[in-house]
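These notes open a run of structures that come right after.
The following pair of complexes shares a single chain, chain A, combined with chain B in the former and chain C in the latter.
Take a look at the complex of A and B:
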């Protein structure tokens, strides 16, 4: 089978990232960031706490860095004029975007994979043999999450006309509101829509609240990875989720199992739906951006 | 019958109230070397940007080697080589990587070194383009445009940033490509280089094609002697409305 036409563009993007020091700094940072056993999470997960390290690595620092490595990928070429080389190739504009997303994803996955291996070795050594299936599962979902982040940042980069604007959209909008701050923003949104106040330590058993919360790509990612961990149905970090479930402890995190204790849980809160949410984040913004990118003036 | 290399009909581009290109009707036959001349801001780059699908037209149509340049971009670009104006190369990538990008996308079988030899850059094949001078970047872009023996070579201001050796080199490349049978379409505001290489020139002024033809024909039209240069023709045609300063070289 012949390689797709956009493959050389993807190779160029991956090479560009892997030649940059910033990409490689990510690997040790993710190890330091991800490694953080707590007593409760160890008591809950046992050796699988190592799998949790990978989730933590993927939760805040990884999205920030992946967005940083990607958000200028098109706007920079547009401003410098190098985009004229890509546009002059026998490729549709959509193929250029796909090549960019694929190549940058590979470029970002490589340092993440290195740090995952290191976390696995350290964790396995200290906490015993974890479930390799869960470990690989969380790794693969994180790879998907990286591709989603690259896709969103590429989409923003393709439709904005200035670096300032793309910075505002990607970091102010997507990262700050939707990824980092969604627990606060989403709950406020819920309260504004329904008029119900929410006590974060004892959230209501309302499907809408949890559905809004997992619209965030970061929370959708953690919902899927907590599912793989066999922990609980929640978009929170595994350590917080374990704490909520631990007898005699409570923490500000939204866990379906705790809030609905015993009551029937709506089907749309199933973890597999969070996987769909994640996939939609990967496809919809890029499709919309591609629609505009295909019609615009680029020089 | 082979279609023209380039054919435009009423091709126009407006940015708000500014008319960058006004109903351009132009035909470039296959095999021709066509010099597209005019001062900065005349609409030369706008035309090339339209032909290359960098921008979309406000109105009008165009055909490039018989293809619709906006809806049939893959088939079209497979046969076109472009050396753009106002570009930067990829600073962390070597000259070889730049050429491989084009060679592999076009599925051509060129040897990167051979292409770089043609533009005098073979020594720099493994060096990252970030270390290149403007002239070297221009040579690299020229080499990229030659990949896959294009039927149409579009060179936007190819003499920019080149020393006299580089200028001579561009002329040699244009001649060699023309002998191979390619059509060469190049824009320039440096009129002096044009006499030597062009079969035909078109003169664009304020978004309008004000004259087109072989140099002898244009000399006749303008009632100029046989040793009149493109500069003389240009000055006569614009009849003093183009101040010398606008034709900046």
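Take a look at the complex of A and C:
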């Protein structure tokens, strides 16, 4: 089977990223960031707490670093003028975007995979044998999340004309609002739409609130990984979700099982829908960027 | 950045971040038992000094009758040692750390909850014969430890875990154990 035409672009992007020491600094940082066992999460998950480490590694530091490694992928070539040489290759502009996304995704996945293996070894040694299926499942969803992040950053890089703008869009808009602060933004959005105030320690059993919350790619990612962990239906970090479910404890995290206790849960709040949301984040921005990039001026 | 700088940055980052996440684990670094003049004595041995997330620390507590007469022991919760705790000397009503025992689950007089406990105040009475001893195992769950330091063994709800007397007509005497358990926080780095 012949390799796709964009493969040389992808290989160059992956090689460039993997030759950068900055990429490899990510691996030990993710190990330290991800390893954070708590007594309650151990009581709730047992040895599978190790699987939770992978989710934590993929939750805050990984998105930030992946966006940092990716957001200039097109704009750098545009401002330096090398994009014109790239377009001289027998490739469509869409193929260039696909090659960039694929190559940079591979370049970011490799150090993450190394840190996942180290976390698995450390966790397995300390907490015993965990479920390999859950471990691999959370790893694969995190790989998808990395591809989504690369896709969004590449899309932003392709449709903006200056580094300042792409920085503002990727870090000010996507990372700060949609990844880091979506719990606050989403709840305020819900309150503005419905007029209902939300007590974060006792959220209402309203499907709209939870649907808004999981529109964020980060919370959609955690919803799917919490599902794989067998923990609960929530976009919160597994340690917070375990604390909400633990008797006698409360924390301001939004967990469907706790809010809807005993009441029927709307079908659109099923965890599989969060996987669809994640996939849409990977496809829609890139498709829109591709449409604009194909018609845009490269100057 | 050369390889040496990379290693230095990585090590510094690891050292700086290590321990920031995750909850602290502790070690039972010492158990000191004081002399007392009661006919009762407590021997406390740290069977498992490691208070880790995946396993609690364990203390074997032996109550000995060192006298020549039988001792009648009265307490509440479970006989003979009751619901024990470790106290740092603060002003809280109950002790700082609840010690857990399998007997609590078997008895219907003690209810342990994730963030506390309650007990039936009905008195339990039994006799410890001269020169005899009773051993019970208690666990220290790291989730219930808020800080490292020196703690005094006492009743969890009341400072006095038990009372005793040496004859049916004698007065009850409050028993104050003299045991200090020191917990130190484990380092995340080797």
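As a convention for this text, the second predicted complex is superposed on the first by the 298 of 299 C-alpha atoms of A that agree within 3 Å, B and C clash if a C-alpha of one lies under 4 Å from a C-alpha of the other, contacts with A are read in each partner's own complex, and residues count from 1 in each chain.
Everything below uses one rule, namely that a residue touches a chain if its C-beta (ideal position, glycine included) is under 8 Å from a C-beta of that chain, and two chains touch if they have at least 3 such contacts.
Since the structure is predicted, the reported quantities are computational estimates derived from the model, not experimental observations.
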item	value
Room on chain A for both chain B and chain C (clash or fit)	fit
Computed vertex angle (chain A) for partners chain B and chain C, CA, steps of 10°	150
Which of chain B and chain C A:126 touches, first, second, both or neither	second
First (chain B), second (chain C), both or neither touched by A:21	second
First (chain B), second (chain C), both or neither touched by A:42	second
A:32 touches, of chain B and chain C: first, second, both or neither?	second
Partner chain in contact with A:246 - chain B first, chain C second, else both or neither	second
Shortest span in Å between Cα atoms of chain B and of chain C, once chain A is used as the common reference	13
Shared contact residues on chain A - chain B and chain C	none
Touching residues (chain side chain C, partner chain A) in the complex	1, 6, 9-10, 13-14, 17-18, 21-23, 53-54, 113-116, 141-143
For the chain A and chain B complex, residues of the former touching the latter	5, 7-9, 11-12, 15-16, 19-20, 80-82, 84-85, 87-93, 295-299
Chain A to chain C touching residues, read off their complex	21, 24-25, 28-29, 32-33, 35-40, 42-43, 56, 126-128, 246-249
Touch list for chain B against partner chain A, complex	49, 52-56, 73-78, 80, 82, 84, 86-90, 92-93, 97-98, 100-102, 104-106, 141, 144
